[in-house]
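Okay, so chain A shows up in both of these, paired with chain B first and chain C after.
This part shows the complex of A and B:
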């Protein structure tokens, strides 16, 4: 029991389970428990604080988590997603300082921000480009998880919470697009708040609730604003906490590369690995082959360095694009236009294109049944894919249909681009 | 066993009941507040269609006019300019909105097609408002309207702040 809990600190345990991990005495140089006597005012203050909060133990646990030795660059996408979400919260709070959620003032408050605030437009630009990069990152993160089969037992809920986070971010994007109350935003609000009414029975009521009446008006804006700045972010934060908790519970290990065996007797090697695995491995009832990773390093500094580098590159890109491209502001909202064509953001193009294909009585089917089937397939993936294999080559039964579906979504987006921009 | 509950059972059930009461108390105003638009009455307000008399609108050519339409519900807000497609066809007068019944984009009369066209997803309507192509599930709705004769003897159009059919 004690050797399981202490992991690498047990003599002789280094060989299979912990190659490359920092020896405990070196970790103690950075943080750790201070033996008496503690000298100097700073160390004494830190020791006082640490005695009362236990923060060094928390840091130790967080920083010296065993993470995969292989595939570290592929594992940076999740933390980069988190960093960009933090950028979104940060810039969003600053935009709130000037933005007025009212149909008469929203647009002029953004004009004010553009003309009077130093870097006001840059802040909007960062918020918009942060959203774009967030979409790409979540897509890449999900694709990496999918290809490496990391969603398999016992990480089903990691996958499901991730898919739910993806849906929440999509909802953040659509509600955020409705706030500036320029032409693009007004017509987005009209189309988006109209979609719920194709639901049977409760549809009309839902549309009325969101709009605050039959037509888009002041209540539409305040309710969407409340969703965007409080309801959805609160759900997002809760789910991110759950997602990270599950990540730490099951470890970052999901890919086949983390479970390769090198000796002539794989069964013995796997058994040896499981015996020496650091907590929380192995998860009860999991396939022993995929229970304990072959090689680990400490999260700090090996993985954290890679994570921070990738995040830095992306944040620099977001800041530069926010500055040189910025966020557009159309003319003020005008309901009496004849030829305005609201174009959805690129990540909504596949859904918009679906609307073209389903005429009259089939609109509701296209909007809810087709999209609902897609969402259910994504959520239920860990239960649909019963194949225990992790290597992509040995999973054609799942990968081929999935890539066909992904190809279809991209094709829909291309059709949408063709329809909206080459009219 | 006696029918009396133990001290422990009392506290377990009591805790559950009190927590449930707190949740219920919070839900009542919250749900009512959230759902209030469902039973809020929309005040019917009539406004003039701008652009003067409709006498000079040609037969068979839907003509876009503007009306400043108040919402009639929700917090005070200025009226919203909306399009009224005044259409005379085979002796009948129509006061179409330009709200597409598919996704409520802005429909316009396309003379080259002799149809109303929606730029969003390609919905088409005939001059009588009938949905003849693309995804729209219903005909183009008309504003609730009436024609009246002005002091100058010409005909004018007024509309209410609601559509004839729910779309």
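This part shows the complex of A and C:
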């Protein structure tokens, strides 16, 4: 058995049942990691608690799980996304302590939070910057998953739940942007709640349902608030749970570099690898070549260290930006103004710019058909890309169109920024 | 308008407005062909050098070396044209304009000139020491990347000038001194992206044309050798090389040029797909920020050149997909070749539909003036199926999707079944040359369209071509129907 930190080359591994992860006899219980002076007074309490809950077994199972050895830094994006979502939940709870979801008091409650609450403004800044970073993280995570082809059999549902999480986060962002009830959020509400009416037949009804009438008003804010803090988070939590369950069920795929064969007899090498795989590998339903990585390490401490470090850096960045830059607050909402030009958040700039290119009569086509096709393609990707290959070079049929689309989105965002500067 | 200009006591310029414009246009376009190739090929060199470092592919190493060696000549010629353009053409013919324009774009010109210093230092160092630096490939690659950045900024600065001339950010001469607004000019970003992509496509086209020509040359000799039965004596070229070795050498050469043609072609073809979308966004920004120029492009006499541009895009795709088809057929990949054949038929049909003009006259105002702005079946001169919206837009979208499918399909076929290089038919190489010629023409036509669309202004609404002075107040908009038609 080789050094557990370095992992083991599987072909010819000495000990069956190990694929480079920490051998069971070397794994202490989780509580044993703490030094005796710290742990001493609590040992009996821990034993009592563990006896009734079985938590150490759960921790053991959670922490000593095999993950692919190569490319570990790239796999930190998912856990960092989870950490930032948790930050959003906590800062959101803090904001709820002051915020009043009413058109007469929403703005003044945020003014109060800004001027009278010691950390209130900072908390708003963290919430805003958390949302920004979350968007980037989910995008990067999805891109990494796409390039490494981690969405392929049997991980199709991981991808679909991830894409749905992305859509939910976008919905969270847009509903959150309407809550301050300042000029920016009021006009955002006017524009966004108007979008459903482009749908044929049911569009007007949907708009009325969201707005609580023909125009944006008190009911609009209440309903958007309910969406932002109850409906969407509930869906989000459910999907996160499902996403994590699926991740644990199939194991982290990693990327193609973990599945390369090096011997003259690849078939035998893969068979050996599968035979010695550490749970959750070999992945059920996967092609044999991609069912077990050549080398694995334990999630704890190897991968967890990387995850923690990346998440920590991002959280610190969010906190610093929340303090330095904060969150803007325009003047109070004024439906009668004629001069205010609403501008979308940066992550909606591509969509906003796309609609600039459509004649007025075809805006609905742009919003629902073009964007709908894009969303459907994203969701259906695992079923569109049936090529068993995982190496990006050998998957030009999805990589070329995808980079074309990604380039388009980036270019649209740049045009959108340029347009805002020239308003 | 006329009386406003006359009160400014203009000084006459040498030559006529038409001859001066033609001279400026010709020299500028000539310069553009050299400069854009340099910028685009620098990206190709960085890519090839990077790939050869990772994969040890000798073909990429050779391609990078060849391009760097070509730089020395191309940069010298291009720079000589640029100097001639500035000193003799701009200063000599449009001196008042150039000096006046420099007064409020001074720092843009200054920084652009600075990038030339960087370009000269890096480019000639690489040119003279490429082989010597082989032991330090990472440093060599680093210098190529630096040169890329330098040249990109060079292009960016000249784009600031070009976009400032097309859509000045603030109307009126005195307000134009805001450099921030000049950099953020609404048409600058799409122009920069359009040119960045176009440069790479152009460089790819040159590579593919040279490779195709070389392939034709090499295989012609091969055929000649094969035509002489029982020939045993060493042939004329390559010194005392025995015949067998000579044939092998030619096969190696044919394989290399076949590969290089494909490599360059993928950039020329692939980046042109993106150009449709980027070009559309550029036209949209011109419509939003320089409506009269946009009107000239879409309805004025330039619309005819714009139609040629439209036809050119279609031809690039047709040549490209025809090449894919022929090449896959030569490689024995029948199914993949059949897919390309279907794509080719669709592209030709779309092209034939798309090139019909929207009106049978020099410009739209002409038929409006003649009260003939009605469909031809009603006795007018309009052809509704030739209108840009929605027909040509739909053709462009379809072109883009089919071309994307074709290139993806070709690359997929290449990846799944390795292709033996050197088997390309000679006809397929002629298609590559044809495509490269059209790409080059597109570069020229695009320049003519952009620079002519603001006629009769040099700086839109600020400086006229004939008088070259800044109007002391924002120029009144000339009604579109009264705009002069023609250069």
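Basically, the second predicted complex is superposed on the first by the 384 of 423 C-alpha atoms of A that agree within 3 Å, B and C clash if a C-alpha of one lies under 4 Å from a C-alpha of the other, contacts with A are read in each partner's own complex, and residues count from 1 in each chain.
Here, a residue touches a chain if its C-beta (ideal position, glycine included) is under 8 Å from a C-beta of that chain, and two chains touch if they have at least 3 such contacts.
Since we're looking at a predicted model, the values are computed, not measured.
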Chain B and chain C placed together on chain A: clash or fit? fit
Under the stated touch criterion, which partner chain does A:62 make contact with: chain B (first), chain C (second), both, or neither?
neither
Does the superposition put A:187 against chain B (first), chain C (second), both, or neither?
-> first
With the two complexes superposed on chain A, say which partner A:359 touches: chain B (first), chain C (second), both, or neither. both
- Touch check for A:339: first (chain B), second (chain C), both, or neither? first
Answer with first, second, both or neither: which of chain B and chain C does A:372 touch in the superposed model?
-> neither
**Asked** Looking at the overlay, what does A:103 touch: chain B (first), chain C (second), both, or neither?
**Response** first
Between chain B and chain C, more residues of chain A are touched by B
Check the residue A:267 against both partner chains and state whether it touches chain B (first), chain C (second), both, or neither. neither
Reported in degrees to the nearest 10, the CA-centre angle with chain A in the middle and chain B, chain C at the ends is 80
Is A:394 contacted by the first partner chain B, the second partner chain C, both or neither?
second
Min C-alpha distance, chain B to chain C, superposed, in Å, is 8
In chain A, both chain B and chain C touch residues 356, 359
Listed in rising order, chain C residues that touch chain A in their complex are 169, 184-186, 188-190, 193, 270, 273-274, 277-278, 280-281, 284-285, 289, 389, 404, 407-409, 411-412, 415-416
Chain A contacts chain B in the complex at 103-104, 187, 190-191, 194-195, 204-205, 208-209, 211-215, 217-219, 334-342, 352, 355-356, 358-361, 363, 423
Touching chain A in the complex, chain B uses residues 34-35, 37-38, 40, 42, 64, 66, 71-75, 77-78, 80-83, 98, 102-106, 108, 119-122, 131, 134-137, 162-163, 166
Counting only contacts in the complex, chain A reaches chain C at residues 356-357, 359, 393-394, 396-397, 400-401, 404, 407-408, 411, 414-415, 418-419, 421-422
